[in-house]
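Across the two complexes that follow, subunit A remains constant while its partner is subunit B and subsequently subunit C.
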Partner chain A sequence: MIEQLGNGLLLGIIIAVASVALSLLYGVTRIVNFAHGEIIALGAIATLFLSSPVDSRVIFLDRFSPLGNNFYISVVISVILCGLLGGILEFFLFRPLRKAEVGNIAVLVVTIGLSLFLRHIYLLFNAKPQNFPLELQRRETYLFFDMTPRNFRVLILGIFVMVLIGLFLNYTRIGKAMRAVRDSNDLASVSGINSDNIILFTWISSSMLAGLAGVFQATINDVRYNMGFLILLLIFAGTVLGGIGTSFGAMVGGFIIGIVVNVSVGLPFMEGHTEAKNAVALAIMILILLFRPQGIFGEKERVS
Partner chain B sequence: MKFTFKSSFTILLTISSIFLVFLLNEEGEIPILFNLLTFAGIYGLAAIGLNVHFGLTGLLNFGHAAFMGLGAYVTVLLIPHAAGREGVVVTTGLPFFLALLIGIISAALFGLLLGLPAIRLRGDYLAIVTIAAAEIFRLLVRDLESVTGGVYGIINFSNSLQQYRSGFIDNFASSNELNPSQIWIAFLSWTSIILVLLLLRRLTNSPWGRALRAVREDEDAVRALGKNAVWLKLQSFMLGAGIAGLSGVLLAFNYGTIQVSTFVPILTFYVWAIMILGGVGSLTGPIFGSIIFWVIISETTGIAQLIFENANGQQIAGVRFVLVGLLIMLLMIFRPSGLMGKKEELLLDVK
Partner chain C sequence: MNKTVIECNGIAAGYVKGLNILQGVDLIVDEKEIVSIIGPNGAGKSTLLKAIMGIINISGGRFFINGVEKTNTPTHQIVSEGVGYVPQVENVFPSLTIEENLEIGSWSVKGNIKQTISKLYDDFPMLKERHKDKAGNLSGGQRQILALARALVTSPSILLLDEPSAGLSPVAIKEVFEIVKEINSRGVAILLVEQNATRALNFSDRGYVLDQGRNAYQGKGQELLDDPRVIDLYLGKL
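Moving on, here comes the complex of A and B:
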């Protein structure tokens, strides 16, 4: 059980970071972004590409990088790349759709098409699961969790990032503006907030967070072209559980989902059924949507 | 179907896309054509079911693969088959058509079970719930190996249906050097499409169909007129799910085996692409959408060869899904009503 709790915390931090990103985007733009998983995967794939030795062909392209293959620099560049992708998507795809007053459901279907599109572009480049070029580490005990030092660092970094997001949303001007646009786009515009810029900023920051979640996911597990899609529903579950559109809720919800998925393996009726562990988290999500659609921390809103 | 400009254009486009198959392939055009027509029939049927949900009633269902899968699994498990790693042989079973009926009814009941709580949810939430329910279904089927064969699937069930194959199918197949069992499935799926469309045409032109469209347009108004909007939506959900179940059965019999990897979210997205291409809310649209879609799919190998020299299976699949994703995006952005749909009948915003 304790070992699974450690794994649960690690999955929890991935899902929490990704859920905050998804929730932020939904809150400000009302877009249910099914392509979120593909931005997550980009973070991991770009990091893999940039941090591999020069002569290796990790993806279809020959590797090149003027900045060498330092892992941390690669992570930073990849996260920035994800932000860039988010910005491009908003600027060239979702902003024109918004200006043309395309409905939410149409945009949702567009994100599904986008997800298929991007995911299989990655497949064309990188079909095999691969690991980051990092040395193997032995598990150590922290408090009472067993994990490798690297994974422990991921956990700490993740918690740090989430504290940072919380501070950012509550105390900076732009964070407050994001919350204002989330609460009411019209009122925010009236009080002099340029909602287009805020939405662009939200896309960029949400995508950067997603990219970071992808790096976490790949550090703990491995890099796959469909790694984002595989955990997308868990991210939805985390977001919905905490309250879609909330940030703090999404963090907590993400953590709970990550822990539930791994701890459920230890439940008596799950014995020998580890493959179905995600089903438990998805069932929780459906139950939450049915009985408390605003989630644990969300405010009541019409969802029917 | 009236022969307006729109429908004439669609028919012309469909016929020319079939000609494209002859143009692009130097040999084996006839088997390629019949292969794609089989898939077009099966997926077209599934898209008709989805259109009952989305086009007619405005329900955002992203779990279509599960309805198809449930129909297929229930039917196949009720007839003689061999399942699982060891291929446990079950020689006794119900007659095929009784099993089929039970399969379709179970898919519809699954629709009811899922719909009862979920149907009240707003569009985007319903999308998440249905895709999650479909994943739960898939994970459970994969996990319950003792019943469903798990990842090893189910085999040796085709004969229950193929024994009814009529002689003219055999004659037609042998004179064209085609696989008779596939032609039989193609025949059955296009027959099903005609029957389902006749049924749906009656239903949609009845007071019931008008009430459903009214639910899509303005649920409150329907309630104010004393109709039970939730029950209407549930009926539509069950009807579409049942049609999906039938198409799932045909899909399983076309493959001759049933694999859990068939009923993945990608299957749902295929059906969505076909429905959008054919025209949301149009009864006959999905048929044409399906044929054109499968012409595109069957030519992806060629497209992949243009991009990569000696493209391998993975690259061909990649190119195929890239195209499907692009198709969904472009259609939704530039022509959400597809070939045959009416723009004013589209539900594109969350109500």
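Moving on, here comes the complex of A and C:
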């Protein structure tokens, strides 16, 4: 079981970063974004396209060859592209829907449609699982878990990013404004905040985080057109488990889900049934919610 | 003659398109005045405040701040025109600390926010004492005080209050009204929506009685209190 801990931490960091992104967006906009997985996938697919060698077998749409850029520059550009997509979605789709006062359920269905649409566009571009153009690495032991040096760096970078988000939300003006809009959009407006701007900023930052989670996922595993969709349920689980709308909760919930998924592979009754590992994580989520309906870090608020 | 701060001319507005709650309301608030809006449930009192703040769309009529037309101006810009607003419900950010609530309240203020907030702390020692507490943990009365303070950070020239006494104990109501009086004495005009008409009119310079989205009666506070039609319709026999 202990050898799975390393894998658990790695899946945990992917889910945690993606959950924070989803939770920020839900908190500020009340949108349950089913297309979140596709923004994750865009981060990975764009990085693959930008960074694979020009003459490699990664060919997009049977026509375009990759651009062969430096890997790290490609990651930065891809994350920015994801932010751009988020901004475009808010500006041209979700803002008009909000102004027309379209209900939450209808918007949810829109995001499901968007998810399907984007996923099948990716399928056109890149049908087969691919790997980033990175050299193979041998696993090494860190404390008591094994992972490659690159994956270890992903883990450290992920934790660093989450600390940054925490500091940003608690100590910057715009971070506080995001939390204010999350509490009450109308009250934020009557306090002088242009909540449209805050919502746009949230879409951009949430999408950039999702793109980064996609790069993490593809670095640890591989790039697939449906890679975000495959972990979407786990991301929702992480968000709900930590307490909907709390960023810190989403981080912790995401980590717990990631670790439980992988560690459960080592359970005796799981032998030969490893594909059921997600079920164990979701069962634990349900169990925790039965005892703590508001999630681990969700707060019950005084109603007056 | 005092300057007019807010002027509504035949305001029509509602929550759903084609279904107006307000059907042409006129209202004027001069500087340093306390004006109350009373009327039965569903008369459109709170709706009028929301229309002024730009929270809901004005579908007819015109609205002016300091003589400049501001019909359907975005909410955050109304705030920078010097209008403060305390909603009846959801009037603090529960997951933010008291200090953060005041910082958010000062969003449109340029200059030294820390100084403005520390001045507010002198006026409301309770807020200073608990500045690191989350607003969600405050009692109803304390919340109302924080909500008033949040709206005051911008040093508004007029404060719109939507039923500040709702759900409060008699002691807390007395405290809140004393604070509002004190705010007014510093030159801030007050536009007050109240359920308790007697208290509101006793407290105000002038009053408007709304009924079914229209102006029914208006006049000096004491005159309205003594007007038998108002007594009959809205106050009951005293």
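The criterion applied here is as follows: the second predicted complex is superposed on the first by the 280 of 304 C-alpha atoms of A that agree within 3 Å, B and C clash if a C-alpha of one lies under 4 Å from a C-alpha of the other, contacts with A are read in each partner's own complex, and residues count from 1 in each chain.
Keep this in mind: a contact is a pair of C-beta atoms (placed from the backbone, for glycine too) under 8 Å apart; a residue touches a chain by one contact, two chains touch by 3 or more.
The structure displayed is predicted, hence computed values, not measured ones.
Chemist: Given the touch rule stated above, what does A:I88 touch, subunit B (first), subunit C (second), both, or neither?
Modeler: Neither partner.
Chemist: Going by the contact rule stated at the top, is it subunit B or subunit C that touches a larger number of residues on subunit A?
Modeler: B
Chemist: Regarding the shared-chain residue A:L134, is it in contact with subunit B (first), subunit C (second), both, or neither?
Modeler: In the superposed model, A:L134 contacts neither subunit B nor subunit C.
Chemist: If you stack the two complexes on chain A, which partner ends up touching A:L233: first (subunit B), second (subunit C), both, or neither?
Modeler: first
Chemist: Does subunit B (first) or subunit C (second) touch A:L167, or do both, or does neither?
Modeler: Neither subunit B nor subunit C is touched by A:L167.
Chemist: Classify the contacts of A:S184 with the two partner chains as first (subunit B alone), second (subunit C alone), both, or neither.
Modeler: A:S184 sits against subunit C, while subunit B stays out of touch.
Chemist: A:L267 in the overlay: touching subunit B, subunit C, both, or neither? Say first, second, both or neither.
Modeler: The answer is neither, since A:L267 touches no partner chain.
Chemist: Is A:I156 in contact with subunit B, with subunit C, with both, or with neither (first, second, both, neither)?
Modeler: In the superposition, A:I156 touches no partner, neither subunit B nor subunit C.
Chemist: Of the residues on subunit A, which ones does subunit B touch that subunit C also touches?
Modeler: 302, 304
Chemist: Could you list, by residue number, the parts of subunit B that touch subunit A in their complex?
Modeler: Contact set of subunit B toward subunit A: 60, 62, 117-118, 120-125, 127-129, 131-133, 135-136, 139-140, 142-143, 266, 269, 272-273, 276, 314-315, 317-322, 324-330, 332-333, 336, 347-350.
Chemist: What residues on subunit A touch subunit B, complex-wise?
Modeler: Going through subunit A, the ones touching subunit B are 30, 32, 97, 102-106, 108-110, 112-121, 123-124, 127, 233, 236-237, 240, 273, 275-276, 278-279, 282-283, 285-286, 289-290, 293, 302-304.
Chemist: Please output the residues of subunit A touching subunit C within their complex, sorted ascending.
Modeler: 173, 176-177, 179-180, 182-184, 186-195, 299, 301-302, 304
Chemist: Under the definition above, what is the set of subunit C residues touching subunit A in their complex?
Modeler: By the definition above, subunit C touches subunit A via 53-55, 74-76, 79-80, 85, 87, 90-96, 100, 103-105, 107-109, 136-140, 143, 150-151, 154, 167.
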